Amino acid sequence: MNSERYQRGQATLSSIHGHVGEGVMKQLADIAPDFARMIIEFPYGDIYSRGVLSAKERQIATIASLATLGHAPTELKAHIQGGLNVGCTRQEIVEILMQMAVYAGFPAALNGLMVAKDLFAELDQKPPSD
Amino acid sequence: MNSERYQRGQATLSSIHGHVGEGVMKQLADIAPDFARMIIEFPYGDIYSRGVLSAKERQIATIASLATLGHAPTELKAHIQGGLNVGCTRQEIVEILMQMAVYAGFPAALNGLMVAKDLFAELDQKPPSD
Amino acid sequence: MNSERYQRGQATLSSIHGHVGEGVMKQLADIAPDFARMIIEFPYGDIYSRGVLSAKERQIATIASLATLGHAPTELKAHIQGGLNVGCTRQEIVEILMQMAVYAGFPAALNGLMVAKDLFAELDQKPPSD
Amino acid sequence: MNSERYQRGQATLSSIHGHVGEGVMKQLADIAPDFARMIIEFPYGDIYSRGVLSAKERQIATIASLATLGHAPTELKAHIQGGLNVGCTRQEIVEILMQMAVYAGFPAALNGLMVAKDLFAELDQKPPSD
Amino acid sequence: MNSERYQRGQATLSSIHGHVGEGVMKQLADIAPDFARMIIEFPYGDIYSRGVLSAKERQIATIASLATLGHAPTELKAHIQGGLNVGCTRQEIVEILMQMAVYAGFPAALNGLMVAKDLFAELDQKPPSD
Amino acid sequence: MNSERYQRGQATLSSIHGHVGEGVMKQLADIAPDFARMIIEFPYGDIYSRGVLSAKERQIATIASLATLGHAPTELKAHIQGGLNVGCTRQEIVEILMQMAVYAGFPAALNGLMVAKDLFAELDQKPPSD
């Protein structure tokens, strides 16, 4: 847990997801703690920390991929929030999801937009201190 | 064929794919000419022409989606070329594809990288006037 | 909104889905109104309005596709209802979904049948005036 | 091999695919002969023989499903041929595949159309006695 | 219902799923009773009864496949329970699901682990006589 | 390249794939050398080296996953060979692939069997010293 990869991954994870990412790690703690560690080390420590692409460009790619998969709405929601956190506007998120109609079909795009709509509504109901 | 959507789509298609996009349209000419027209009108005339996202950001989303699908290497190759045409570097393309290992699995990422490798090799063999 | 494509799409949408299609459009109104318009214009105005296939044959293809995707139960339910509206019997819907076991696997077929079962139960509980 | 299911499946397979279906069975003969038998018994003996849907309606569903999957061009080609054999016109096949752009994305539809184009070209080159 | 395949399938189904498998059959009874019968006859009567692989090895393959599909959490849960019933440990189930991150992506693996977590929690709350 | 994860991954990779795995690494050397390293470190160094499941059980899960994906025949072929290397018989490989008809559909199973058939034929043509 003190490896350089883990430390770097933890920092990158926090820069994208804030404290929300900790929830997934806690859910995994009793069933697959090594997988929680690997999520921090590989996607965040190895991949997202590489530079070359900006944090915003990486979230665009991830949102496109998750909307295309279609079966991961929880992860899509987390990465739409991550996209907002690193500088995407809501309008940009909507455009990425609309564009997925071309490649993954209208249902995948529509379901992605419904995930974004849910998140945006939650954000509008939260007090600003959140 | 003279509609505003078609004209706008044709211009956007050319700005991304150059003359290469015409090849697909010719292949469709005898079997599904209306589909060739729709490709120009909907993805290019309606979606890619909307602004909000830059041309480069839209190619990042498309490359991520096509690599995730896994079953469309021809389209992936065309959009990697399109990405290069609108300002992505080869290194950025490689990063998008590597990132897909996280969401779509290592085989999808690896196969996407092999598509990019083939395209880069073709580009390196072409005379500069191309 | 007054384009020929939109008018034609709206008419085709109503002929398949009745007033139910309006619900999706309203859900999109605040987040992606252009996407709501595009759903009417492209799938319904451009594709479903082309003739060649009967309305029933087009719903058979759509139900098969959505059951195969597996990640779009809401859209599948809407198109099973659409299939009933344009002349498919419940028994025919069930046969399409059973056949999907061959191509998309038993879980995709089973989940599609559960969607149909839910819809049929809802229809049986509604008063006839609906 | 003499079971009622096998006999019925063999007859249904022949009515859809003619002698072409035998090729697949021969390819499986040395590696998985039981799977060749099961293909005849389950999809053809149990599913396609059930009636309720016409042979043409069943091919529409299958073509839609295979185009949606995207990873089975050989099977798609066989079932486009099967569709023609049981009464679909080429124009109807093209319409089914175009419609898949809505649900499975434009690349899946485009690749399906390329499969159909290849088959139609082969058919046009064959002497009429075939 | 008295065919040899059905009898063999029923016995195999019970050996993997206990009485739980009956629930699915009852759900299908009013909408697609033939499909309920086919589930017993083909997957359980024809495939799972073939030997060559152990019951445990077959559940490993099924859990890997269902986690990869991503859109069938109900079936995945049933087969994780089935895996436990035929000798997989919880730790082994977790390892199969973690390994799916490599091939189907981290979201598919994570969602599979959440399904396992739910099941394990349910099992821990049940009295031992269940 | 000298990290413990890399060393462990390299040893595990060799124990499954022999020298064949080196080919993929060489193909990646000029385009994405870091991805080549990550393939050794994460799937082989982190996942396959964990124990709990036997090497054979892990190949069963991988073959099932890759056959289900349908779009990665090259990786499927490599892991069928890997399965043979760690103790699966050809007959067991065939059974895993047949079983995938239930979950991923008959085309995915059939295409997987064709990949196995190709590999088995290649192996039979090689002199024994290979």
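Order of writing sets the labels: A, B, C, D, E and F. Residues in every chain begin at 1.
The rule is simple: a contact is a pair of C-beta atoms (placed from the backbone, for glycine too) under 8 Å apart; a residue touches a chain by one contact, two chains touch by 3 or more.
From a predicted model like this one, the values you see are computed outputs, not experimental measurements.
Chains touching both chain C and chain F: A, B, D, E.
Looking at chain A and chain C, the chains in contact with each of them are B, D, E, F.
Farthest from chain F, judged by the mean position of CA atoms in each chain, is C. Looking at which of C-D and B-D shares more C-beta pairs in contact, the answer is the pair C-D.
Centroid to centroid, with C-alpha atoms defining each point, chain D and chain E lie 30 Å apart. As a whole-number value, the distance joining the C-alpha centres of chain C and chain E reads 30 Å.
Averaged C-alpha coordinates give centres for chain E and chain F that are 24 Å from one another.
Among the residues of chain B, those touching two or more other chains are numbered 34, 38, 42-43, 50, 66, 69-72, 75, 98, 101-108. Contacts between chains leave no pair untouched here, as each chain touches all the others. The touching residues of chain C, counted against chain B in their complex, run 34, 38, 42, 46, 50. For chain B in complex with chain A, the touching residues are 42-43, 47-48, 50, 52-53, 57-58, 60-69, 72, 75, 91-92, 95-96, 98-104. Chain contact summary for the complex, chain B toward chain D: residues 24, 27-28, 30-32, 34-35, 38-39, 42-43, 66, 69-72, 74-75. Of all residues in chain A, those touching chain D in their complex are 101-108.
On the chain A side of its complex with chain C, the touching residues are 69-71, 94, 97-98, 101, 105-111, 113-114, 116-117, 120.
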